[in-house]
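Okay, here's the structure, questions in a sec.
Should a chain be cited, it is by its letter among A, B, C, D and E, assigned in written order, with residues numbered from 1 in that chain.
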Amino acid sequence: MTAAGMSAALELRNLRVTLGTVQLVRGVDLDLAPGETLGVIGESGSGKTLTCLSLLRLLPRGMAAQADVLRLKGTDLGGLDEAAFRKLRGRGIAMIFQDPVGAFNPAKRIGWHMRAVLARAASDGAWQRRAAAALSDVGIAEPERVLRRYPHQLSGGMLQRALIAMVATLAPDVIIADEPTTNLDNIIEQQILALFRSLQQRLSSALVFITHDMRVAALVSDRLAVMYAGQIVETGPAEAVLHRPLHPYTQGLIATADALASGAAQLAEIPGQPPSVLDPPAGCAFRPRCASARAGCEAPQALRSPGEARQVRCLLYD
Amino acid sequence: MDTQQGQRGPTRREVFRAGTAIAASSLLPPPALAAADATIRAGITGYDVVNTLDPAYAALIPEYYLIWAVYNALLKFNADMQPVPDLAESFKVAENGGLEFKLRQGVKFHDGSTMTSDDVKFSFERLLDDKAPSPNKSKVSAISAIDTPDPLTVRLQTKEPFAPLLTFLANARTGTQVVPRKVVQADPTGFGRKPCGTGAYMLKTWNPNQALRFAAHTEYFVPGLPTIGTVDVPLIAEETSGVTALLGHQVDLTSTAPFADVPELAKRQDIKVLRQAGLNTRFISLNNRKPPFDDVHFRRAVSLAFDRNVLIRVVLFGEGVATSGLIPPSLKASYDPTPKPLTIYNAQRAKEELAKSKYQAGTAATMLTWGAGWWKRIAEVIAAQVNQTLGTQFTVEVNEANTVFSRLKSGDYQCSVWGWLGMIDPDEYSYDILHSQGWRNFAYYSNPKLDELLVAARRELDAAKRGQMYRESEALWIQDMPILPCFCSNVHNLLARNVSGFTQLPYSNFGDQFATLTLSG
Amino acid sequence: MDVRALTQGGVRRALVLAATLIAGALAVFFAMKAAPGDPALTALGENARPDLVAAFRHAHHLDLPVSAQFALWIGGAARGDFGQSLTLAGGVPVASLIATRLPVTAFIGAYALVLAVALSLVIGTVSALQRGRLADTIGTSFAVLGVSMPDFWLGYVLIFFLALNFPVFPSYGFVSPTASLRGALLSGFLPALAIAAPMAAVFARTLRAALLEVLHREYVTVARSLGFGPRFVFFHYVMRNALIPYVTVLGLQVRYLLGGVVVIERIFGIPGMGSLMVDGAFGRDYPVVQACALTFLAIVLLTNLLVDALCARLDPRRAA
Amino acid sequence: MLRNRTMLAGLTITLVVLFGVTAGAALMPYSAETMDFIDVLEPPSLAHPLGTDSFGRDVLTRVLVGGRISLVISLCGVALAAVLGTLTGMAAAWRGGATETALMGLVDLLFAFPSFVLALFLMVVLGYGVQDVALAIALVYFPIFARLARNLTRVLRDEPYVQAARLIGQPAPMILAREILPNILSALMVQASIAIAFGVVIEAGLSFLGLGVQPPTPSLGVIMADGREYFQKAPWVLTLTGLAVSVALLGLNLLGDGLRDLADPKLRQALRA
Amino acid sequence: MTEPLLRLEELVVEFADPHRRVRAVDGVSLEIGAGDILGLVGESGSGKTTLAKTVLRLYRPHSGRILLQGRDITHLGEAALRPLRRHAQMVFQDPLSSFNPRHTIGRALAIPMRLHGVARPVPDVLADVGLPAGFADRYPHQLSGGQLQRAAIGRALSLSPALIVADEAVSKLDVSVRAQILNLLRRVHAERGVSLLFITHDLHVARFLCHRIGVMRAGRLLEIGPTAQVFASPAHEYTRTLLGTIVT
């Protein structure tokens, strides 16, 4: 609730995503202050990508999303029709995708993509010049040359920069970045992360940064939210979550990462497998893998607030 | 049946059908259009190959369709199939079989030159020339000398009287049409593609395999003819397509019509159907040398075992008559109208004959036939009926027409659907098919008494006596049943409502009628 | 370097094309020689005299060994001389027959292709956009029905139920487009439709599937996430990329299209390559059948080249 | 949902057709070949739902019997094409290099001929008859199966599980038979169901032109060619027979569509090419 | 001196794509001793996977030599390789596609053992990698990624190979499962003494598991050395850049 109030960039309450009778996202709340970065950590099937897509109303066919509240900069988005909502995409909320290669129309040059985006941004001047400027803002050398390239002629890192440039051109209030560096090599990943930081300073957009990698999340985020099986199981300031994780799942993830980084002889492991999306265990979904599981865990758990700006969905903190 | 019929294969249909002016005579002559500008589209149906328009070397039916329009012979047939003068003004038959012709005066070829007796002589010599043999040579080989005492007189000598010669000199499929000596000698091989005759129409353009265009010969020797300026002749491979083309107004006249369609088409108001008994004979050729047809009783049994009227009904859809011999009804002078009991369906007698034969029920035989169209239907119906009546096991084998003909010629068959069309003299039906030396004798039938009679008939110049001899011959061989006569089919032409002036003859004439065609509004 | 790669690609393609043509010629020639039937007898009549038959065989080199015949033929073919027709149009150079027939078939084929493309673009698009609704059901049903109808049967049905009742479409014959374009379009309509119907069905199904597949691509989601309008996304993203498989299938179907031409030409009496080949087949006109088969082969190969070039234009990833 | 309905419809029609051409034909009170020269060219009625032909035979009976013949011809042709094509395609893809170039060159050559031109040509060369038509269908479809099998095999060849099979030392024939074939079989089946439908069309087309099956064998093409002879007089024979053929093919095509939708996407891609 | 388990000499692998030749591996020489764990790190396109598959002779090298247990297998045909296959096995990146979707896990494990005459019950093999015996009857799609990767390791181990090549064996796994597999690999190495050629782009993982590390870029092996040494004092500029990305 830190960033709540009229000034919140984004306010989401109790988001549920369903596919037929299956609940894929089971009540997610998000709050972002302007310029804030929220890191969302989760494994495959945790529902983090669906949460993002439903914010943009771009869920795949067949899936339905419902939320009690969805406000962007205080404006209620719940009642907007598709035509009105469309105008909001890109400029109100924009998204950066995991696979930069698949994000571009393979039949068109980068310049075409830039031009199409520039047509949405209200500004003047020759589009080539502005497109080149936008590309060079994201650190692309020789932007004029890149404009003439087709997507398949560029590396993933280059494409991700170009996509970021496109989004940046629209100066959205909220940027959602869904595992934007997962498909990239280490060195490029570092550069893109740096780019995100500088971009955010420049645009003062709020950023939702989704990742499965603790270390990456820590680099960019002000606050962290950890998702497991369609629910947020822990949130808090990034420093606090990394150093004093509360939820057993978060604790396990951080222990593993620490062990790897320190070169220990044996890695701390979380036993078992992530739950099936189609049939998550009743109650606390982490219960079957949890060393601290006890009586009561089989009941659904609510979020508790054990400390300043922190929340955790675990019986241990009652 | 026509020789080409066999080889052109499945989709080919017979051509030599004729028609009397059933329709034409009942109508008043319609007012002619601006005839010189008019075009008539006369579709040749069932064929789309025309190789040559040189009468000496023509072999295909559609070639003759057109040759009849481009050339004239000394004689032509009248509606009763009697030879009457054409290029000749008159003719005399001598006791010894020699013929003398007085030619018309001032007949012009298409190139403007005048026809003389020398051109006639040249035309016959060409047929007889061994160096470039014509397929029609046999038709005129009886001629021993050709004299041209003056430019308008031609005398033909024969070693012995040869009665069919007169018929062969008519404008039919015998290659005796008159060609200009100078033009042919200038380019003997190219002549077939650039024909030049005395006929009512001359060739303008030739689109191989597609269409030909003819223009009126303005110096044609019959005053006032031809009436139509241009005749387009599309070559329509599928006979059924010819019907749809006529119904859809893409052609004005067709050379044939599918039997099945004729009864329906005849009911329509928007077209005219010309039909009459044709000059043809359809039969089952039996190999008299091979079992089981080497037994006369078996042959008789089979002949008695099927109903020819069923063939007429389901194969011809009523467009024909059952026959008891080879000579078709259109050759009135030689035709024998008396039905022969051996060719009339009689299950009881059939079984009796089978009992007398050395073969029994269960005997198998293969009946050859070919391709699509109604030929295979004949075989199917006969085999089914014979099997039902006699308990035999006749099967139908469909082959390529070429193959069937080769097998017939080499005697490598048991029985086969067969027939001939367009033959204009009884000699062709009798001598050729059943004389032991006849070249069409694929039955390998030999009967000395018949041979003798047929040779005598060839020499008989008196038409009435000659006709009687053929009737006798038919009664003679039918007892041996060397082949199974089946039927004679009608010939048809389809005309658009506004087309008149087409006189149908039994031999499926076509181009010879272009001259008198008229269009009404 | 791009230019060099391109020309190298061009040379390679030309070589492959030439090799395929030669191999095709070989196959066609020797297969035809193995066929039963004697062209001399077809040309001269079964009762032709032996000396005539011998003369015919000599004149057309039929008396030479097959390998020598092939050498003569392929040598001529390389110079555009396919010999002379034996039986169909005796003595006429086959090349000139083909020259008069090819434009007709090209016209009918192109006509059918245009009809099929036009029909399939509409049906495929509507089906994909209305997926699962009534329009889709109707469109898809048409598409499946279309492939299920034998084209020759459809040809007959069109003639008898359409042409004979609405004389604006001739039931028979063909007007050359050089003589009258209107006449050509009218006279070619029914045959082109008979050929096009099954093609349109296949194309429509392909387009529908391709559109649905592209609709699921991430770049479509990305485009929408950037706020691009639905029309813009559909034409520039979805349709543009769905055209790639569509054109590929179009190219593959040319062989069926040309196959359809063969039968339909004959039924409608259209003087094209198809009816020429059928007649040649019936008439044992070796040179004509060989030249036709080879010409058809060349048409397909050239179309493939064209489609490849088009695909390369549509899909920069495929460009050299 | 829709695809299930499509497939269900296809399956239903196919089963009805199969029943018709087997048991149905046997149950009909008429014979396909025995002629009845009284009830000639009767229009459709209760006694003869599709009318009678010019020999007085019940057209429905003939369509059912002919359908069986046509189906069997197509089935044999396609089966031959599928077996030879699959073997060729798999061998080419697995061996690669010159073998692949040579084999696929041959396949592409056959593939470059317009389908019906190839069939027509083969009929001229082979002669007419049931086996010849089946052979022509086989040769028309051989390149399609060969290309499909080759494309699929190339995709699967690089799949880790196939590489794993190589690494454990399975001999190539065993890998092809055990690891690859079962996984491309569904795509081949889809192609086969569509090919069988088209095979019937090829048979019908050839026989219709008079170059295919020859009477009295009543294949569908023969029945339609016969009906063409007297179309003006009795249009139902050609029209209704063609309609019956269309419905049967509709079933097969719907079934193929349904199967295609069920096939996994990687194979679906290859199916198209 | 004893011959190393695997020796590569100036190995070059080229691919002919339609337009040009691509040199995926460019003159790599290295050795792996018995019981050694060599990590190959590098970014995508550096040629490390191609190198791994060439070592196992899934690809045919263009030039150079591959010696496995002292035997030159560079140009051996498929048939000659077959009996040698059991000595070198592989674990793939994508666990699901490493199994024939139509075979049960039990069958997938039994086939290699039967081929090479190893008589060991499938449940025992499953137990080795921490899977319950009941999994033998399941099909691949019924297992999670981590479970499948265990089975894949079990399949490789069942032939008692001297060398296992693991190509990004944990990169497709969920974060919470990765540690399990890494621990398993380490345990397997300790218990069986099998050598590992471990391909990864994750430097943490490489440091955790490998004795020695080779750094590849654009088909070339830039440097190779003991893990601690490479991490502490990288010889190549590129290695330094790469190590700079490590977040601690």
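Please note the rule applied: contacts are C-beta pairs under 8 Å (C-beta built on N, C-alpha and C of every residue); 3 or more make two chains touch, one makes a residue touch a chain.
The structure presented is a predicted model; accordingly, all values stated were derived computationally and were not measured.
Q: Hop across touching chains from chain A and tell me the fewest hops that reach chain E.
A: So the least number of steps between the two chains is 1.
Q: State the pair with the higher C-beta contact count; candidates are C-D and A-C.
A: Ranking C-D and A-C by C-beta contacts puts C-D first.
Q: Return the chain whose centre of C-alpha atoms lies at maximal distance from the corresponding centre of chain A.
A: B
Q: Between chain A and chain B, what distance separates the C-alpha centroids? Give it in angstrom.
A: Centres of chain A and chain B (C-alpha means) sit 92 Å apart.
Q: Quick one: report the Å distance separating chain B from chain C, using the average Cα coordinate of each chain.
A: 40
Q: Where the CA atoms of chain B average out and where those of chain D average out, how many Å apart are those spots?
A: Computed value for the inter-centroid distance: 44 Å.
Q: So, what's the distance in Å between the C-alpha centres of chain E and chain C?
A: 52
Q: Considering chain D alone, which of its residues make contact with at least two other chains?
A: Residues 127, 209, 211, 228, 231.
Q: What parts of chain B, by residue number, touch at least two of the other chains?
A: Within chain B, residues 10-11, 400 contact more than one other chain.
Q: Note the residues in chain E that touch 2 or more other chains, in rising order.
A: If we look for residues of chain E contacting two or more partner chains, we find none.
Q: Which bits of chain A are touching chain C when the two form their complex?
A: 53, 56, 58, 60, 86-91, 94-95, 97, 99, 102-108, 116-117, 120, 150, 152, 163, 166-167, 170
Q: If we count contacts the way the header does, which residues on chain E are in touch with chain A in the complex?
A: Those in contact with chain A are residues 43-44, 144, 146-147, 174-180, 182-183, 186, 201, 203-205, 207-208, 241-242, 244-248.
Q: Help me check something: in the complex, which residues belonging to chain C touch chain B?
A: The contact residues of chain C facing chain B are 36-38, 41-49, 51-52, 85, 87-92, 97, 100, 159-160, 163-164, 167, 170-173, 266-269, 271, 275-276, 278-279, 282-284.
Q: Which of the residues in chain E come into contact with chain D in the complex?
A: Within the complex, chain E contacts chain D at residues 53, 56, 58, 78-79, 81-83, 85-86, 88-90, 92-94, 97-102, 111-112, 115-116, 152, 155, 159.
Q: For chain D, which residues are in contact with chain B within the complex?
A: Touching chain B from chain D are residues 33-35, 37, 40, 54-56, 127-128, 209-211, 214-216, 225, 228-233.
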